[in-house]
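Next up: some structures, all given as structure tokens.
Two complexes come next, and they have one chain in common, subunit A, joined by subunit B in the first and subunit C in the second.
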Partner chain A sequence: MKHRIALTIGPASFRIGAAWRAPVARLAALYHDYPAPPGGIADFTVRLDPVRPWRRYIRPSIHITGDHGLADAAPMALAHGLLAAEMGMNLQMALGWRRHLLLHAACVEKDGRALLMTGESGSGKSTLAAMLGERGWRFMGDEFALLDPATGAVHAFPRLISLKNSAIAAMEAQVADAARFGPLLRGTAKGDIRHLRPRADAIARMDRPATPALLLFPRYGQPVDIRPVDPGECFMRLTQASTNYTALGEAGFDCLSRFVQTIPAQAIDFPDGNSALALVDDLWNALR
Partner chain B sequence: MRGAMTSLPHYRAIPATDLVIRPLADITLLYHRPSGQTHMVASPVPEILAALGAHPLDSHAIHARLATCYDLGDPDEARAAIATHLAEMAALGLIRAA
Partner chain C sequence: MSAALLVAALRDPASVAGLSGAQWNALIAAARAERLIGTLAFRLEGVAVPPAVRPILADARFDAAREAQTALWEADRAAAALAPLAIPVILLKGTAYAAAGLLAAPLSPALGRFIGDLDILVPRDALDAVEAALLDAGWEWVKPDPYDDAYYRQWMHELPPLIHRDRDRMIDVHHTILPLTARPKPDIAAMIAASIALPGGLRILSLEHRVCHAAAHLLADGDLAGGLRNLWDIHCLCSASGAAQEDFTLSLMEEAARHDLAAPVARALRLAHHLYGTPVKAYSAPISLDLRLRPSDRLFLTRLLARDGWGRETHKALRQLFYVRSHLLRMPPPMLARHLLTKWRKGHRPG
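Showing the complex of A and B:
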């Protein structure tokens, strides 16, 4: 690979290579606080390849490959190279990570205890985690929460926060440091996307695990509502939200069944960010 | 009548080490070690599992055991329901046809 960068995100490390300078330069700028892989050896390799060699020069388009690949990982326009690198890292984690039970969830921490939020894309979990990360919580990740089968602790995977559509302006209004934002990517498969680098303290403390304390199933765009979610429903939804539950076998079963038996869970509906923050405050304070 | 009774399929438990049983508040989780599959089951499946041992039993015998602890309603309907569950559980490998 002509251009490359290596970085560590939580317990995982990546080597990212591309035929073009631009996506790697953008990654280097946005990930400059993240350490290099320990011993210089990365867990995963992500390659952003030209779809055809000559297309590097005419109408450039990127194809994501790596240690683990999906046949239908769609080629993307070069302008979205940063997004392709992010998707490539997520793909490697989703398909290749075995050290933890991987939950598709956002996660924030306060006083050593973690709040996990899981839901489909568009549920608001990413935006909510980003907002909490600017309000005294440590941002641990907006895509994957990593549960340790041995201890039950949750480990951080605080990659860049992927802000979508209306969340972009909302976070631009709350984060004064413009250098923490990536370029605005218009017209992706998920609409407009802009990446936000987590606060420096979230990156500096990314190797510290936390004890799970509360699980939320957020749903944006609905009137305010709170509903307890019983352990059976939690288990079912979390197996669906895990990309490696089956691969971990009995260790995954033990980890997830202990999690749902001990962690209270609520489904929360909210019409806007401020309502969501108020709901989270109430539910978190009620734990004590 | 006697012939019909003896033709009922009999089942026995699989080795206890093959199955991890974890009751939650509302349902029970089963991890089946030989297949690596997770099952989420509700009553009466956990109760049937608990009633079965190494000795082969049919749906009538299991009904008799469960009826000492639970109110199962109409006996014929309960026996038929238990027979259906037994066949499904055997197909999943959670119990074994004797």
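Showing the complex of A and C:
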């Protein structure tokens, strides 16, 4: 394809081709510090094609596809090209990755131990991981946590952080370096979105796994509350939060069983970012 | 050109030595797009490949093994549901290859093969009983449109597809191997009579009839989507140990003629011989089988290889032509006109 870029994020590598220059230029700027795939060979191909040949020029509209695609993928505006590329990479991981058990979770690490946060879009896990990533934790990802079925370790997938709506202003106030932000994408299917590049240390250390230590089910916009979640409920919720649990078969079952039986889990409700940070601090310190 | 890379790698695994990174990307994208990545992964087992390629192929082998396991379990469930009817139940296509116990044989079509739906063949006079037994065992209709449903029942070679409500797997129940509206009229009773029993009660078609069915499916029915995969099946079937015997091609062509399928089978052999080097012998007597390509074969080859280095479909106009051809094969023109008009009114647009 005419416009292309290849990059490595954690253990996975992608080549992304687009019919337009702009999305690839955005990727090149924001993924500047990410290494190229080893030997130039990528695990996945992502394509940003016009939905119809003429829609390359007239009212440009992106069809996200690649090695793996969805028949009913919604077309995206060219102005949201960066988001389309991110969704394209997520799609390949969700449908094609087999080397780890994929959990739809945000993840941060401190002292080699990992805190995982899982929940629906809007639960606050992305924002919380971004905030922790600016406060002495290593950001490991806000979309997928990768569990190694052989070792139980969690591997990083530190894509750009996808900040939504009110989280955008919150993080703009905390991150001084404007070059780490992508363009403000208004009016996407999930409202306003702005991408944030993780700190340099998160990228430099992205191939280092961590040992899972705590699992949280955050819920934003509620009065403060903490509730332990038993292993059975964890298991059920995580099978639903995993896109490849079924595809991994027995290995997935063993990996997830071991995870829920060894990692303590809490559901936390919070009305704002600061109370969430305080809750995380308390629960983390109580682990030792 | 990436589909050509894929054909070369399948035909001669050693040919991947010295591929550049860009060529590997193209080969992998084409193999995934043609759903031949599992097949490629098994073909390249034991061949030296770059470190970044190894896990990609290992993943594909893992997926293929799981798919075969799932397909065989689905066949087992269908067998259990249909056992009380005491009729022959014949597995077709991917599941048949897996069930034939050839998973470990070299150059088996089952090795790494993508398996989508469960396809079975039953005698036509048992269709109503089969349908009732499957509905009873948890399969459900997925074609809510009354026109589609009626079309299947009146003109097709299979029931409208059913999906199992718990396992979410689709079953296609065939009563013959080509739509009733197609010109060739295979003698399906003879094929059922010649089918082979597997341990466990299910059956598969004879080797000759498996090739006939694959060729009919590829060249006398569809629009050549997935053509490289279907042709690889034919290549493997014709290269299998049973087919190595001297007179296999003769008996294959004899069966093809008997079932009105001499032309598609001969073309399939020419294309497979040309692309994959399938070991078939040319004959002039007692039958004539000329393996030299005909001018029209060039169109088929171009269509089969219409895939670029990003896995994208190329030759759009030719693809459209084969799409139209698939409909002409299925229906006489007046019927096709009526069908297209009905579909158009319902908002269906091709491609």
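Quick note on the criterion: the second predicted complex is superposed on the first by the 288 of 288 C-alpha atoms of A that agree within 3 Å, B and C clash if a C-alpha of one lies under 4 Å from a C-alpha of the other, contacts with A are read in each partner's own complex, and residues count from 1 in each chain.
Criterion: contacts are C-beta pairs under 8 Å (C-beta built on N, C-alpha and C of every residue); 3 or more make two chains touch, one makes a residue touch a chain.
All figures in this text were calculated on a predicted structure; none of them were measured in a lab.
**Q** Contacts for A:T118 in the overlay, against subunit B (first) and subunit C (second): which applies, first, second, both or neither?
**A** Neither partner.
**Q** For A:G17, select first, second, both or neither according to whether it touches subunit B, subunit C, the two together, or no partner.
**A** second
**Q** Tell me which partner A:I41 touches in the superposition: subunit B (first), subunit C (second), both or neither.
**A** second
**Q** So which one touches more of the residues on subunit A, subunit B or subunit C?
**A** C
**Q** Would you sort A:M236 into first (subunit B), second (subunit C), both or neither based on which partner it touches?
**A** Touch status of A:M236: first partner only.
**Q** Is A:S257 in contact with subunit B, with subunit C, with both, or with neither (first, second, both, neither)?
**A** first
**Q** Once the shared chain is lined up, is A:G249 touching subunit B (first), subunit C (second), both, or neither of them?
**A** After superposition on chain A, A:G249 lies in contact with both partners, subunit B and subunit C.
**Q** Residue overlap on subunit A between the subunit B contact set and the subunit C contact set?
**A** 249
**Q** Would you pull the subunit A residues touching subunit C in the complex into a rising list?
**A** Per the stated touch rule, the residues are 1, 13, 15, 17, 37-43, 45, 47, 49, 66-68, 96, 98-99, 247, 249.
**Q** List the residues on subunit C that touch subunit A in their complex, please.
**A** Residues 20-22, 24-25, 28-29, 32-33, 50-53, 55-56, 59, 62-63, 66, 69, 310-312.
**Q** Report the residues of subunit B in contact with subunit A in the complex, numbered from low to high.
**A** Residues of subunit B touching subunit A: 20, 22, 24-27, 29, 31, 33, 36, 38, 40.
**Q** Touching subunit B in the complex: which residues of subunit A?
**A** Going by the criterion above, the answer is residues 230-232, 235-236, 239, 246, 249-250, 253-254, 257, 260-261.
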